[in-house]
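Letters A, B and C mark the chains in the order given here, with residues in each chain numbered from 1 onward.
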Amino acid sequence: MPMLSLQNPVFAAYAIAASLMILKAVAMSWLTVVRMIRSNGGFRSPEDIRKTPLNPNPDPAQLAPDERVERIRRIQMNDLENLPFFLVAGFLFVFTQPSPLLAQWLFYGYVATRLAHFLAYLSAQTHDMRAALWTPGSLILIYMAAKTLIVALGA
Amino acid sequence: MPMLSLQNPVFAAYAIAASLMILKAVAMSWLTVVRMIRSNGGFRSPEDIRKTPLNPNPDPAQLAPDERVERIRRIQMNDLENLPFFLVAGFLFVFTQPSPLLAQWLFYGYVATRLAHFLAYLSAQTHDMRAALWTPGSLILIYMAAKTLIVALGA
Amino acid sequence: MPMLSLQNPVFAAYAIAASLMILKAVAMSWLTVVRMIRSNGGFRSPEDIRKTPLNPNPDPAQLAPDERVERIRRIQMNDLENLPFFLVAGFLFVFTQPSPLLAQWLFYGYVATRLAHFLAYLSAQTHDMRAALWTPGSLILIYMAAKTLIVALGA
């Protein structure tokens, strides 16, 4: 069986986890849009206070930071600091030929803790809880990259 | 024919679209450099106002935000929120074995709307137009990731 | 020999360089954590000044930017602008079947200059030196993406 095939349970688990994380990341952009519409503000570019069909009553205050929008931007920034590296590290980890069970625990464990981190950040839980939910994903990432490095160096 | 080969028209289309988007992303860094040089400012680090061959007459005002530089930084930020996820989602979408025609429409459609979005942002068109040009790319991304998820779950 | 196998020296070199860059990127998050703990500040969310076991004496000043923390955030931002594109461009470059020697020079050259750039940024060297250390990596990235584009278009 080829390694890079959805028939390989390890690669299929990766593809499932990666797709979920990509959809989660894209959802942050849409959530930013939703909150900008609801707040009618939190914009960033000078031209965003030009009168348009979607912004019939522009106001310079629309360019001020809006905490409900900024919160999603911080969450999205956290995604950008983490997800692209998971997406590549998880893919390369497939080449180390882990057992399907281990791969599923790591991939789905990453997804589960990232979603929990998102909910904690969205609902403004404490910094301690956010840190506790961010840490396992980061350790999974380190483990996968370190394992790939060791296997590739020994190949 | 192997799936991951430039002889596979689906993978070749992905490689072309991905390379173009990578070159576009890298161009934003260089455009930031060009505008920092032209504005002789828009720097971000305290050490950037040290006297050097490239900055013979340093001035604390060089650390103030410069709108022409900040615009490129916002465009680049928008790239970071979108392109890495397209690069991975497009790759995984190849494994769902779409028809070459569909794949080309999605990959090149993404590239075309991103370039149009860039031109609209660069020339400070309205928020409405920027939103209209950002949306198709985001929907293509969602479609590719959702399709990959469904196929991987059913495999 | 299959192209995507750690037995292929070109792919192995990519996997080694990619793993190193991923570990470097993840290290920035941990370095931010270390510096936030040492500065007991540099936080970003309103809820981060709630009293918790890890923050027994909260103070609104903890939300002010802290230069030692902000420096790592700027370094991380520079990583986000560069590394995800290297990770994908390097992978696609494998399909152009470069000689192992060329691939190793490009991949390891990228890693070496990025690490040097990191040390220069961390120790607040001049903007000129940072620019000189950033440029080779960016040129490697452009070369790999352009080469992939040309090969894929001709396939």
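The rule is short, and it goes like this: a residue touches a chain if its C-beta (ideal position, glycine included) is under 8 Å from a C-beta of that chain, and two chains touch if they have at least 3 such contacts.
Small disclaimer: the values here were computed from a predicted structure and weren't measured.
Under half of the residue numbers at the chain A-chain C interface are used by both copies of the sequence. When the CA atoms of chain A are superposed on those of chain B, the rotation angle is 120 degrees to the nearest 5.
Distance between chain A and chain C, defined via averaged C-alpha coordinates, is recorded as 17 Å. Multi-chain contact residues of chain B, defined as those touching 2 or more other chains: 4, 80, 84, 88. For chain C in complex with chain B, the residues that touch the partner chain are 3-4, 67, 71, 74, 80-82, 84-85, 88-89, 92, 95, 121, 124-128, 131, 138, 141-142, 145-146, 148-149, 151-153, 155. The touching residues of chain A, when paired with chain B in their complex, are 4-7, 12, 15-16, 18-20, 22-23, 25-26, 28-30, 33, 43-48, 50, 52-55, 76, 80, 83-84, 87-88, 91.
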